[in-house]
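Order as written gives the chain letters A, B and C; numbering starts at 1 within each chain.
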Amino acid sequence: MGFTDELLRYVRKNVGVKVALLLAPPLIFLAIWFYTPFLIVGLYSFDMVNIYREIMFTPSLVHYSRVLSWTGASGIFLRSLYFAGVTVLLCLLIGYPVAYYISFKVKKYKDMYIILFIIPFWVSFLIRTYAMMGLLDERSFFNTILLSLAIIDSPIRIMYTDIAVILVMVYDYLVMMVLPLYANLEKLDKTLLEAASTLGAGPVRTFLRVTLPLSMPGIMAGFLLVFIPSVGEFVIPELVGGPNNYMVGNIIYEIFMGARHWWIGSALSILFIAFILSLVIIYIRGVGERGLAI
Amino acid sequence: MKVTKSFLKIFTIIVFLFLYSPIIAMLVFSFNESKSLAVFTNFSLKWYEKVITNPDVWRALYNSFWVGAVVTAASLILGLMMAMAVTRYSFTGKTILESFILIPIIIPEIAESLSLMMMYIFLNMPLGPVTVIIGHIAFDISYATVVMRARMVGYDRSIEEAARTLGANELQTFFRITLPTLYPAILAAGLLAFTLSFDDLIKTLFTTGPGFKTLPLVIWSYAARGGVSPELNSLSSFALSISFLFAVFRLRTERRMGR
Amino acid sequence: MSEVYSVELENIVKRFGNVVAVDHVSLKIKENEFFSLLGPSGCGKTTTLRIIAGLEEPDEGLVKLYGKDVTDVPTHKRNIGMVFQHLALFPHMNVFENIAFGLKMRKLPREEIKREVKKILEIVKLEGLEDRRVNQLSGGQQQRVALARALVINPEVLLLDEPLGALDLKIRQHMMVELKNIQKKVKTTFIYVTHDQTEAMTMSDRIAIMKDGRVQQVDTPLGVYYKPSNMFVASFIGEAVNLIEGEIRENGIVNTSIGTVCCPEQSIIGKVAVMIRPEVVEINEKIHGVDNIFKGVVQAAIFKGSYIEYRVDIGGITFIAHKHGEGSLGKIYQPGATVEIGWKKNSSLIIPIQT
């Protein structure tokens, strides 16, 4: 009786103990099942694990040099950046007007418009991608209509091209750009725009000098939410792209699931993770804490 | 100004069409009698018949549900613990912890998935439902924590103090006062965690063992191999309707909670 | 007959980082007393209350409830009730469940709980509202639910943390009378924290005035008003006060910058302040019959409803006089007019100046 009372008193008084008790289970779980795996991949990448799954303390960079000396490597990384970059740009160009329209120009039922916009995104990523496949396929009704209207004379073969990948990526990621933008635009103090017009700024100048700069946080958030995942995209190039359109994710998949070369795959993965983290760090440095206020 | 407004309106409508047409096309053609994706010949449920009579589909559906349930429960418990630690107390290393919570969300899913697979291989663990569940939880905890945390911001701790003055000890206070009051936050996080698990493809792809399939995995194996097909249309429409119902349910509960 | 003290605080010290929130506070609160802790924001009154509740642990000192040392006893084992500043009603429970909570924790049988809740609802005048959700009630009603919830468990002491702050003036005035009546009825010690002196003065049997974590004076409302023990209490209590500094000699004569002021005889000598309440100061063209008369020029005449506040400049010092009653029928002295102000010797109060 006395011991448990003392224990309770100690726990009650001691904030550190309470925090430790609360954080222990989740952190231990994550340490084992989230962070240790990266450690193991790291070990493989530095050639510290042999085929009998024993750890050898002889690190070597042989796998890294193989990856880096592969001439195609830089091409794949650049292509991933290129696809992600074009995607994010298109999402911005398409998404901003929509967000602007709903936020500024729609008076009633704004909520409904946004929900209508979000509904397609309730469908899973995979199914949305598959649905796009249906349209891009040369046998699709989209092609048939264009053919019958004689706008084209042979079916557009978009599948397995760069355009297909980018198109589907924009389709899948558009919502991640529109939502932060919309949230940002909604929070904008509309009286600022009125003030600008009393000071002589027309609609274009008000937009360029007031609205656009104030929506930067939203743009930044949208950028982060679209660009970073896009670079690592795997599903879309696999389904609608061919080997000519492969991104880093697909190569990694091939090496692990196809060739089953754990060592090279690990080296490539570590490089890829470092690549992503440096992009995030560049983003944070360039934009400051505001960019992370999602 | 009027011109701009009409332009924006038309633009928005086009974008909406762009968003809906693939899905609607898929739905429509899943009821098509012929195999064509272009011409709608007749209304028919034959593709759905094929899907519904396929035992693989039902097994996969069943797997997706129970995996989702387990993952949601675990992610909520672990995520709630983290969210509570972060919102109630200040301690050294708190800001670092808050950044760490975001890491699983930032790192690409494929990198996380294959790393976990490597660990399973290294430890000689047989791949199957357990390995899938662990993978989902590791990912979902962060999402659950972030959602719960956002909704716990306005939480007034004085109701817990009131409960203590009325004679409730810490455990009673937690179960009778704290949890019921946090219910909206927990619900929102739970719905998100379930959706992430149910729809998950990449993690599951890397961490599953022979014979254990979830619904997205079934769709993936058909799509990656054969591309677009009427059966797949029906299967996807079927899966879509489940996700959709779930999302509607989510919306209505959020509305009722009075966000 | 020895006094029974419901709450005793002995030398309580509480620090938050570098700030000493409660600085060696000792109090003895009597059984069935309505006791207020009064002071400006940040004076430590709420922290002191929370220490009595057990929601904060003191760094030094003892807390006793009815003679028993409860410093190490956790909150849920002290038999106290508390009404929080923002009420802290349980949002997911209705009125009945909120009030019944404490009784449920004490494992009372269902029938008894029903009876007790009914009784307390009558006392706080909320009969019939058991099934309402708490967010459907008005501010005043929510107030009474919070009160009922804390009282129904029959606590040894009821602690109230600025409960009337959010209410409108008229409702607040009404609630002050209600609270006092309820306290008499349930015969429980009420310890009331507020920064509003009207509340404290209206309801309390005794008041403890606090500043910067220290108790400045513990006395009845009359006592803190007419016999403040230092400059802070004198200027904090009451709407306005005149404080003139000077040097006191024997016979109660004080030399000040405006002349000599006659005060009751004291044994103190040295630097003091003379306190005169504005309502005992006469103002007229010519004053007779009092010991202290001074000439001055009216700076302002402010109409305050039931009285007029005059600010009179006397030798560089602004003197405040309140003239009650006459209103527009009587004479109002305009700014710039020369007047005399005066007061009786016994209306002066000597306050020693602390360093």
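FYI, a contact is a pair of C-beta atoms (placed from the backbone, for glycine too) under 8 Å apart; a residue touches a chain by one contact, two chains touch by 3 or more.
The shown structure was predicted, so the numbers you read here are calculated from the model rather than taken from an experiment.
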Message: Relative to chain B, which chain's C-alpha centre is the most remote?
response: C
Message: When I count C-beta pairs in contact, which pair ends up with more: A-C or B-C?
response: B-C
Statement: Ranking chains by how close their C-alpha centroid sits to the total C-alpha centroid puts first chain B
Message: Centroid from C-alpha atoms only, then distance chain A to chain B, rounded to Å. What do you get?
response: 16
CA centroid of chain A to CA centroid of chain C, Å: 60
Query: Centre to centre, by mean C-alpha position, how many angstrom separate chain B and chain C?
result: 56
Query: Taking each residue of chain A in turn, which ones touch at least two of the other chains?
result: 12
Multi-partner residues of chain C (at least 2 other chains): 74
Message: With touch defined as at the start, can you tell me which chain A residues reach chain B in the complex?
response: 12, 15-16, 18-19, 22-23, 25-27, 29-30, 33-34, 36-38, 40-41, 44, 49, 53, 94, 97-98, 100-102, 105, 115-117, 119-120, 122-128, 130-135, 137, 139-144, 171, 174, 203, 228-229, 231-232, 234-235, 238-239, 249, 252-253, 256-257, 262, 265-266, 269, 272-273, 276-277, 280
- prompt: Along chain C, where are the residues that touch chain A in the complex?
  reply: 57, 72, 74
Message: Considering only the defined contacts, which chain B positions touch chain C in the complex?
response: 156, 158-159, 161-169, 172, 176-177, 180-181, 183
- request: State the interface residues of chain A toward chain C in the complex, per the touch definition above.
  value: 8-9, 12-13
Query: Quick one: in the complex, what on chain B touches chain A?
result: 1, 4-5, 8-9, 11-12, 15-16, 18-23, 25-26, 29, 36-39, 77-79, 81-82, 84-85, 89, 91, 97, 104, 106-112, 114-119, 121-122, 124, 134-135, 137-138, 141, 145, 170, 198-199, 201-202, 206, 216, 219-220, 223-224, 227-228, 232-233, 236, 239-240, 243-244, 246-247, 251
